[in-house]
Amino acid sequence: MSLTHTDHEGKASMVDVGQKEITRREARAEGYVYMAPATLLLVKDNALKKGDVLGVARIAGIQAAKQCSQLVPLCHPLMLSYIGVEFALEDAPSADGQARIRIETCCRLNGQTGVEIEALTAASVAALTIFDMCKAADKKMHIEGIRVLEKSGGNSGHYLFDAGADVAGSAV
Amino acid sequence: MSLTHTDHEGKASMVDVGQKEITRREARAEGYVYMAPATLLLVKDNALKKGDVLGVARIAGIQAAKQCSQLVPLCHPLMLSYIGVEFALEDAPSADGQARIRIETCCRLNGQTGVEIEALTAASVAALTIFDMCKAADKKMHIEGIRVLEKSGGNSGHYLFDAGADVAGSAV
Amino acid sequence: MSLTHTDHEGKASMVDVGQKEITRREARAEGYVYMAPATLLLVKDNALKKGDVLGVARIAGIQAAKQCSQLVPLCHPLMLSYIGVEFALEDAPSADGQARIRIETCCRLNGQTGVEIEALTAASVAALTIFDMCKAADKKMHIEGIRVLEKSGGNSGHYLFDAGADVAGSAV
Amino acid sequence: MSLTHTDHEGKASMVDVGQKEITRREARAEGYVYMAPATLLLVKDNALKKGDVLGVARIAGIQAAKQCSQLVPLCHPLMLSYIGVEFALEDAPSADGQARIRIETCCRLNGQTGVEIEALTAASVAALTIFDMCKAADKKMHIEGIRVLEKSGGNSGHYLFDAGADVAGSAV
Amino acid sequence: MSLTHTDHEGKASMVDVGQKEITRREARAEGYVYMAPATLLLVKDNALKKGDVLGVARIAGIQAAKQCSQLVPLCHPLMLSYIGVEFALEDAPSADGQARIRIETCCRLNGQTGVEIEALTAASVAALTIFDMCKAADKKMHIEGIRVLEKSGGNSGHYLFDAGADVAGSAV
Amino acid sequence: MSLTHTDHEGKASMVDVGQKEITRREARAEGYVYMAPATLLLVKDNALKKGDVLGVARIAGIQAAKQCSQLVPLCHPLMLSYIGVEFALEDAPSADGQARIRIETCCRLNGQTGVEIEALTAASVAALTIFDMCKAADKKMHIEGIRVLEKSGGNSGHYLFDAGADVAGSAV
């Protein structure tokens, strides 16, 4: 097992994807913004009056996925055919009394390389945007659980995150 | 308590910072990339031979902080005077058998608005870059604990994250 | 009277604003997207259920104003302190049976140069975004009346567009 | 008839173009910058001595078309094969005593989605650039008539704007 | 012989590559940063302790190649499949007592247009980055010999720079 | 003497300019594109009919200077007050039978950091743009002599490149 993005001296090295097959590729990712229940109520109230908080975060996530190769240096420039960003407000407080917003993203491409970093980037920037819009109300928010949920297409086969198997006992 | 980035109808609204005082502002943030211990060993090996994994992630974090206002829609364009990104490899496995890389960022500005979103953005994109460079070895990595550690300058006073007080009992 | 952005040979030339006074500057601009009344009904329906069409256009306008110096070659990079984008749905059909959406933008800066191009850019890109989101329903939309409404701050004094005086008899 | 860029709840939604046919697509658009006849004379004089005003506007339009997916949130990233921007100085004053510059743009793509927004973006930013370069001479300029002239390729068939039929009697 | 990027009036004109064949294309380029031998020693010392100077320059070169169409106005947007940037420290002083760092870049694409400008852009920006990181130590550095080494794929056939034949007697 | 952009371990580190004095800073840089005399004739012919080759290169240089902090990772974001790019066609063949175009750039800022990298970036990208527009006619062009001519403002004092003293005997 070795890192594909560095050479034998450890120097950064872009993977040449030019010989890879063009296939339909999809990746789904998720992430969470934890906040005080009172903060979630503000977002919920904004959502109830159909305000813009989640709409702005969606656009930010979509635009970030498009810019992924400018943000993550060894990513290839891609022409994504689809980017989706969805939210769920989870107000049942967790054990430590926090509420959270769940973000789920999906990216698709007909191309030569996987798009999971694009999906993760969309989730991360959507989370940062929620944070930005709520920060005056709650300085203690935190972003957790940015991970790949599913990946298909390409040589490495289908990958499906199995929460039970993989992080059983995990605190996160 | 209300959201400062939406108006009374809930619509997105940029805060006018033009009348705020120009002060020296600083924010520090952190984040973590969790991975299998074997994956951390690859990064550690890369770091031992002074390879580029963490160096690339540092540059990605710095460049992302500069681009923050292009990523997070209601952020103001800023001229940061300093952006720092540091890493720590924490190979003592956690309860669920995972190792992790800690990222700490710092942004400074002489200006009219806080820079915590810039610091969080630097941490997020540095984390995504580590993820990208290690993803062939470990699909199950996840990014956790992106939060503000400290913020100073401006009207809202000094903020220092107190892990003990705030997330005692927290699963994260 | 001459062009300030070209030299005596007619070559492009950036104006050196380094010696200008730093003042509080503001510019307001407007623009219109004309469409079939049935198309406006779709936007109105989207707005009634508090959908995202106008919210997305607002964010697009805000982000474009920030990027103005990358789009318009002789514009200076600026740190806008405020960008606002508002919409009005005007469904009373005009003489030729068309409905329209009015866009009004506002940009503010403490700086050395006016911000009317930034306000116009916000209006233009908000209009393009509405066009994009409605284009499957109406290919014949058109964008009209992108102009400066008011400008203040700086040496050139206060400017207020006087529709009656200036375009009396104008077809637009 | 419905909006393709929003879902049934009215939320923004990118169209997945991944299953669409790859065809040769072309779109042409136009737009106008209205100005005082004396302002047009300055541009004409600049053009006569082969100055840069229109050349700068052409480059701005070309570069903006390439950046379209960064400006208009639900646009797909594309690899345009051609972008053209042409100008005509129309100094015969209109009924209200104004002269104007006509802009015509053309974008081409072998791809899965139409390029009319790219052509409109090129026209809009070329117009903004002319405005910027002439604004010191004429604050009352305005941009009008940004529309699609022709679109070909793709499922929706050939579209040709018919000025006589569509806006007969139109004030614009 | 004529310029392909201007029309018969000399106006800028993007080449329409839409009808060109999609082939595997590659270009290699080189460039040099000349500096005082003492400055090269600082870089060498940084490299010996496996510091970041060359690693940062590599990432800057890779990112610049991806952005080439935003920098060079008539370049087409491309999806490069590979970008490589390598360095050699050449400390044997030249006739005028200077040392230098050699940069060699490589870009690959499956596409309709050559990638030599992308390779030259990577070399140029890598050189600028080295300059930036060393400028406090040596104001007199200079960048030389940015040229295409080899180009393959496409109609124009294989091109290989022949230093002996072409610049025999050249001062550079 | 040491590198200011790396720490004691050699890791990349942005200089904190927040405490530096705000002064009026200016930098001038130059660069050359060498080409066959026949190629220069094409550019000259284009310039004679007042074509766009040099105009496009000027705009490319100006836009690149604005984007410098996105290209060169440890550069600070800046608000340049002026960017100028000038050209001279030098058709007297050099010893090795080559003609050349000279590029001179100037950047100005009221700020806390020098702008020589911005001036060098403008020269480099203007050179790349000339290269791009002439490459179909001349594959053997090369870019030489990118250097700082003069720098003023800031603590490091006035710097003026002295060609005679510094590169006496230099081949370049």
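A few notes on this one:
The letters A, B, C, D, E and F name the chains in turn, as written, and every chain counts its residues from 1.
Here is the rule we go by: contacts are C-beta pairs under 8 Å (C-beta built on N, C-alpha and C of every residue); 3 or more make two chains touch, one makes a residue touch a chain.
Computed from a predicted model, the values in this text were never measured in an experiment.
When you average the Cα atoms of each chain and compare centres, the chain farthest from subunit C turns out to be E.
Set against one another, B-E and A-E show the most C-beta pairs in contact at A-E.
With every chain reduced to the mean of its CA atoms, the largest distance from subunit D is reached by B.
Averaged C-alpha coordinates give centres for subunit A and subunit F that are 40 Å from one another. Averaged C-alpha coordinates put the centre of subunit B at 34 Å from the centre of subunit C.
Multi-chain contact residues, meaning those touching two or more other chains, occur in subunit B at positions 11-12, 49-52, 55-56, 58-60, 63, 67, 70, 73-74, 78-79.
Applying the touch definition to all chain combinations yields A-B, A-C, A-D, A-E, B-C, B-E, B-F, C-D, C-F, D-E, D-F, E-F.
Per the touch definition, subunit D reaches subunit C in the complex via residues 1-6, 9-12, 31, 34, 38, 42-43, 45-46, 49-53, 55-56, 59-60, 63-64, 67, 70-75, 94-96, 98, 116-117, 120-121, 124-125, 127-129, 131-137, 139-148, 151, 156, 159, 161, 166-172. Residues 11-18, 69-70, 73-74, 76-79, 112 of subunit D are the ones touching subunit A in the complex. On the side of subunit E, the complex with subunit A involves touching residues 24, 55, 58-59, 62-63, 66-67, 78-84, 108-110. By the touch criterion given at the top, residues 49-52, 55-56, 58-60, 63 of subunit E touch subunit B in their complex.
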